[in-house]
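Order as written gives the chain letters A, B, C and D; numbering starts at 1 within each chain.
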Amino acid sequence: MTRRRARARAAKAWAGRFATPTAPAAEAFTTSLPFDRRFYPHDIAGSVAHTRALVRARLLTGREGARLERGLVRVRRELDAGRFRFLPSDEDIHMAIERRLTELIGPVGGKLHTGRSRNDQVAIERRLTELVGPVGGKLHTGRSRNDQVALDLRLWLRAECDALDAALARLQQALTALARRYRDALLPGYTHLQRAQPILLAHHLLAYREMLARDRTRLRDCRARADELPLGAGALAGAGFPLDRRFVARQLGFARVTANSVDAVADRDAAAEFLAAAAICAVHLSRLAEELVLWATEEFGFIELPDGFATGSSMMPQKKNPDVAELVRGKTGRVMGALVALLTTLKGLPLAYNKDLQEDKPPLFDAADTLRQSLDVLAAMLPHLRFDTGRMAAAADGLLLATDLADLLVERGVPFRRAHAIVGKLVRHCLATGTSLRELDATVLGKHAPQLTPALVRRLTPARSVARRRVLGGTAPREVARQLARATREEAR
Amino acid sequence: MTRRRARARAAKAWAGRFATPTAPAAEAFTTSLPFDRRFYPHDIAGSVAHTRALVRARLLTGREGARLERGLVRVRRELDAGRFRFLPSDEDIHMAIERRLTELIGPVGGKLHTGRSRNDQVAIERRLTELVGPVGGKLHTGRSRNDQVALDLRLWLRAECDALDAALARLQQALTALARRYRDALLPGYTHLQRAQPILLAHHLLAYREMLARDRTRLRDCRARADELPLGAGALAGAGFPLDRRFVARQLGFARVTANSVDAVADRDAAAEFLAAAAICAVHLSRLAEELVLWATEEFGFIELPDGFATGSSMMPQKKNPDVAELVRGKTGRVMGALVALLTTLKGLPLAYNKDLQEDKPPLFDAADTLRQSLDVLAAMLPHLRFDTGRMAAAADGLLLATDLADLLVERGVPFRRAHAIVGKLVRHCLATGTSLRELDATVLGKHAPQLTPALVRRLTPARSVARRRVLGGTAPREVARQLARATREEAR
Amino acid sequence: MTRRRARARAAKAWAGRFATPTAPAAEAFTTSLPFDRRFYPHDIAGSVAHTRALVRARLLTGREGARLERGLVRVRRELDAGRFRFLPSDEDIHMAIERRLTELIGPVGGKLHTGRSRNDQVAIERRLTELVGPVGGKLHTGRSRNDQVALDLRLWLRAECDALDAALARLQQALTALARRYRDALLPGYTHLQRAQPILLAHHLLAYREMLARDRTRLRDCRARADELPLGAGALAGAGFPLDRRFVARQLGFARVTANSVDAVADRDAAAEFLAAAAICAVHLSRLAEELVLWATEEFGFIELPDGFATGSSMMPQKKNPDVAELVRGKTGRVMGALVALLTTLKGLPLAYNKDLQEDKPPLFDAADTLRQSLDVLAAMLPHLRFDTGRMAAAADGLLLATDLADLLVERGVPFRRAHAIVGKLVRHCLATGTSLRELDATVLGKHAPQLTPALVRRLTPARSVARRRVLGGTAPREVARQLARATREEAR
Amino acid sequence: MTRRRARARAAKAWAGRFATPTAPAAEAFTTSLPFDRRFYPHDIAGSVAHTRALVRARLLTGREGARLERGLVRVRRELDAGRFRFLPSDEDIHMAIERRLTELIGPVGGKLHTGRSRNDQVAIERRLTELVGPVGGKLHTGRSRNDQVALDLRLWLRAECDALDAALARLQQALTALARRYRDALLPGYTHLQRAQPILLAHHLLAYREMLARDRTRLRDCRARADELPLGAGALAGAGFPLDRRFVARQLGFARVTANSVDAVADRDAAAEFLAAAAICAVHLSRLAEELVLWATEEFGFIELPDGFATGSSMMPQKKNPDVAELVRGKTGRVMGALVALLTTLKGLPLAYNKDLQEDKPPLFDAADTLRQSLDVLAAMLPHLRFDTGRMAAAADGLLLATDLADLLVERGVPFRRAHAIVGKLVRHCLATGTSLRELDATVLGKHAPQLTPALVRRLTPARSVARRRVLGGTAPREVARQLARATREEAR
């Protein structure tokens, strides 16, 4: 063990009770620094608020508080600039920040580290610390890492919910814009991936908009539920000093304080709920991605992929692959895996804090990043899609109009079940003779559906089919225009 | 194939287009009747509302509508009474109900089936049906199974959310009652399953109450988001007839109608969100269950299991096992599995309806039942728990008071970090000499913590420790009383 | 509580130590009878083998052993015939069988229950039992439910592995038969769902055969690892009597005995491994199902679904839906969910047996049944598929030959990377001018690829492309014939 | 776009067919370089073998082959030394290596890049490349990234299986050593976490050895099944050149070549099976970890955690937390999440390669690393555990001997069920009177168990209880010694 390492070890905040330092294997295994360092802005913000609460509770003097805040600002700047030097003994971002803070603001205000030899500095600092203790050492008064990490997690989650909400909004806008651009285009609507009924492409695209709207409300609910200050819970029993938790909550913009200190440090509901919302959203994106992949096939041929969002093959020169959509689809697994990871980790843990909870962050960060990237790349790609509206319109014609034929019979008094059976037979006739529904002649109609005339069936078209469906939420142009107008209004806000 | 079977087949609603009947292997594989029959009350309620909408849209006469409603009531009664006879050709509960309805209400009002030979009945019915079509055959006008099953699912989910909310409330009440009964009992609070600080048992129990409170709001959010009428979406394009969807929504108590017909039939968000909420709740129960198992060990010895909620061993005569708690913990896997099952099923499905969606119900029903049973059995068991408060109080004393000792130093001006280090050394001294913190003498204190006197450290007790923690949400008796009062108020509503 | 119920309770095998009977809520919650009754043949086989071991160890006389065996045969017959009456107090199938056995074979050989009043019987039986104890009560000597249920599980798993192996073999045969029937048919091979290179349909189908072959070896490995007798482990410490475990293993056809009694009752590896193998297999089926759905679309049009394995729509008369394939795909979620359920249940359980382990069976049974049904229905459906070979051949022609063109250049000395780039440009030329690769004229070739002549490029055909790929495992007819021959040999065994 | 970036783009291997370069958003989203770079040793080994196969097939001259091999060695050295400079246009490790190779070995043998101005170099290289093409461009002949990545994955998996096998063996050795050190120590064996029967600690520890032994065979089976060369499958149809795949397999030490080219590139079974084996192993570790956490509690008090493998609290000075064990337990979720991630990604993918498959690596790498770290840290920690054998022996005495008492009765002819009931009553008597089984007097015995005398029951001890259980696999010292001897033999190999 090098001397620097030994010193670093000795500095561990809880070393007093221990006879021997942590084994390197254990240190490497238990550190969370590789992933929790992204908490640093939240951790520092939390420490600033906590400092003010300590001043308010007269556990710090105003001068001490000011010195701590200045020190925290300096640490933050170092971290922002990438100048912060982590030590192997820094177990996590919280300890790293507190360690650095203590280095920066010794009892003489952090000036020690300028214009003096390192040896002198260390000697002076040690002596002074022995006399009065460093101010940095007062920051953790009435606080535990347990409530500190719970705080950072909630601050991060709030910010991440907001960021995802913005990303979702951008993808919604891309969908709306595409729907508006193709507002008259027909598409065969599918069920069971079989052509079912003609619909408007815009209507189809707006279905995804609805899904994303629900995703946004789910994240909003998650955020609102998470919007509670856990700081003040201490290790689990509540802080031992009369800190004004409502004051801290206001400082940090929280809506409420947590009601029970044991729950506050043991709980990871917000993370689990966030991952569940993320997984549902990822499933939505996987469905859109699947359709893009299908539409880009030669067989469907509904879209031309933009060159900038497709890739080629290392071997087959003609290939143009929908990699972006495929990856969006494939990454669903990753987000779902993160949800399973966290729930499994939480299962069966007794109260209150257990170290297992440290494993909440890797799945959380990975899922949040994955989802955000997927949303962003789709929002970037959608404006470049070109639809082959002619081909889509052609595919939206034909036997898809069978339901409209049945509806015609219903309007002439035939019970729907009977109309359905009659049209089923006419469809078989068309398939057997290679004719279309519009070509049914008087003989055939007379036999199966005497209520109808050739003139009537000739009037069946995709456009008329679509126009019929003007119930609320239906695919009729009038209804789709209404959906679009609503979307436009929402996006203008 | 028997004749009855053949007839049943022929009766299939969509048979017109098909040359040969469904293969028995396929029929057995695709049927959803074994599980979706529990939808029947919702399916019938939906059909009644749809009937009224058809009358309102003049697609049925008032008399036809009344006849349909009467028929639906009769079908419901048969199902309620367990008298309904399902046929092999009944693909699902929707078709079974419509088939039976059509049998019951022929053109002469369903009286056919009384006082006539079966042969006569059939002959008359066939002739009349050829003339005017059965009224039953009009029920499905402007409706598809796709929006019908989406409707049933939402109706069931609303009811299930309400039922779970009630079960959660009962478990909360059991926790509150237990906390009230033991309001003065001390418990060692644990972190890392190591004794950490003394807390009140009531405080600990109320932590679970908080978790369940969040579960309830999650289910409430889920219910509110699901509270939209999908009927009217038809197969995917919207109904082909001008049905008043808002009228139907009012009939069924829905807050809104779905905004996009494609989304309405393709979406299973509500089910996924429900399962996510259920999984998080199951994880909460697993934590409570783990603690009950721990507390019931001879080593902890905090609770005595009621005989009625424990079981013995087939081999070891002395055993008394916490089976109920273990099973609650074990069933968490089942609920999480259900969530994974549904999300996996949904992943990568193109719009709109696909048959895969039929697989939403088995995990949904299994998870809902499992969770409800777990909640109920815990609520039934908790009132019978007897805590060994003496043993708990003894376990809450000792080195757990180290934080209070550090706090004493802080109050005497020692920075917390330094106080922590000092007490760490005192703890090592106690461990080495087999003494307690309260027994630290003047010599030892003088060396490590001259700020303290033996008299001061002798005042450290669990009761004082608990009383200190009176921040909002802390374990101080005053704070716990406040939590209890709030709980009582909420439960009185 | 009714008298019968009270009596049933009192009969509970471990009731001696308990003051009050199990609460009905707990009894309903903890029973495993609704699902574990399917273990009964295995449970009885295990009890027969155990009986013989007890005789061998002189813990039973030969006469007692014979009586027990006869009794077990009678219980089995009752269960086979559905005549067995379960009681509410029967916690599980093991206790139910032992209870019934004790009823049947009193000390006078089970004749008590014929030709005597019930009251007489009970009185005599009670007296005799007091004198010598019922023989039934000796069955559980040296055994615990812990090792008994571990035994039943392994016996069931062995049988289920065999059944799935047979089902997999049947599906492989169906694939081989289909490949043989269409041995000359071309198919566009896809990567990224974009047409990539021509292949033989038979080659494509045989790819699935390979996956299933691996599934079979995985199940075989699982079975071999599970093929150990756990009986004799007792509750966890090993039986207290000198039972010859190897003798029991031979009776039940086990390859080995478990090496450590604690592990034997705590372990559920075999179940977890089985579910993992099942999940991987289900994923394979989901891929085949996805392709069937795609091929059945109007856009691909490669297969015509047999009417017997398709279903119609309740609303759209023209629909013919690939429900079977969709459900196979959808049920993948269910099997994966089962795997997650079991692993989650096992996570974090201390040794040895915990009641949580009872929750191994519902996911296990559900996944095994689901997978078996999926395999069977696919094996039943495949023979009825009709491929449109003309359409497939047409789709396998065109730009898919670009790689062959690059290969031509390579054969003329052009480094592959350069050849790839050249052909890439030729492809762009074809796309821009709407011509095919075979139509490239001397001018264009001269400019981009002077090594080639129009005559050379005209020789590019799907058939020649396929024939080129005669490396081991390639799609050349010769290679595919070799694969088919190997398959035929394996299936003839 | 900077010029360097533009140039990098232009260099993309498949750029020929594309009019515009990849959008930066898409490039960032689709790159796999951040994670697949760890494949580089395998990728280069595969390219060397492929080069030799090309020479053998006369697609390269011997000199060209030698030049390629030398170039590959240089690339490998750059990567080993961390000197390799990746470009933004390097989509993945395969393309990065080929790109760098082409830079290094121009037509004049890679000497271009020394002693000449960059401009000169580029001009000469361009001209020469136009004339004959760079040798580097020949490497990809008859190969696709699809079979290349499949190859790398299998090479990596083989190596990782070996590494995990070694880590598992080390943990087994640590368990054996601990068992040997404490070969006489008693432990209360638990079921339902209730004291059940006395066992030897060594027996308990060896139970984990058994689990790990199964884990090793599972990984071995996985490795054996994965031990097939996929190279030669090309993009999906098989290489277009007559490469000797068996030769390549021998070069790389593969047992076989894959039998079907479509399967070879579409398949990720080996990865899924690996993750399943990893998840089961992680569950084993979670159980051991749970027990370490329990044993380290003050309540159980069976082990003293080594200071080097425990950590303290930031707030509570007395704490010594079993962080390592907790994290091992918590990380189970992560490994399970990885399994779910991959299976979900694979679900429903049509054949053959899809870009989704790129998402196989992040969960695979994360799970492998996580598991390996967990195994290693446990193997490092176990030797430092100190068991409190006195406390364990005391806990192994008492009512745990009830089964032995029942066995005594059985030996005196009482049927086991009756013996169980009798002892149950004696246990209740002991609990009510606060006496132990050994203190039962003649009066009580005479009433409930006249077959027994006080002298007989006084002979009940944990040591005798353990000694009785000498069936194969039982906890008797003789049997445990046999298990230990077997372990020693295996480890000596």
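Things worth noting here:
To be clear about the criterion, contacts are C-beta pairs under 8 Å (C-beta built on N, C-alpha and C of every residue); 3 or more make two chains touch, one makes a residue touch a chain.
These numbers were taken from a predicted model, which means no experiment stands behind them.
When the C-beta contacts at A-C and at B-C are tallied, the pair with the greater total is B-C.
When the contact pairs of C-D are matched by residue number against B-D, A-B or A-D, more than half turn up again in A-B.
Per-chain CA centroids place subunit A at a distance of 24 Å from subunit B. Chain geometry summary: the mean Cα position of subunit A and that of subunit C are 35 Å apart.
With each centre defined as the average position of its C-alpha atoms, the distance from subunit B to subunit C rounds to 30 Å.
Among the residues of subunit C, those touching two or more other chains are numbered 13-19, 140, 146, 191-193, 196-197, 234-235, 294, 312-323, 326, 329, 332-333, 336, 339-340, 343-344, 346-348, 354-355, 403, 420-421, 423-424, 427. By the touch rule above, subunit B contacts subunit D in their complex via residues 191-197, 293-294, 296-300, 312-323, 326, 340, 343-344, 347-348, 395, 399-400, 402-403, 405-406, 420-421, 423-424, 426-427.
Of all residues in subunit C, those touching subunit B in their complex are 12-23, 25-26, 28-30, 91, 94-95, 140, 143-146, 148, 234-235, 306-324, 326-327, 329-334, 336-346, 354-359, 362-363, 366, 373-374, 376-377, 380-381.
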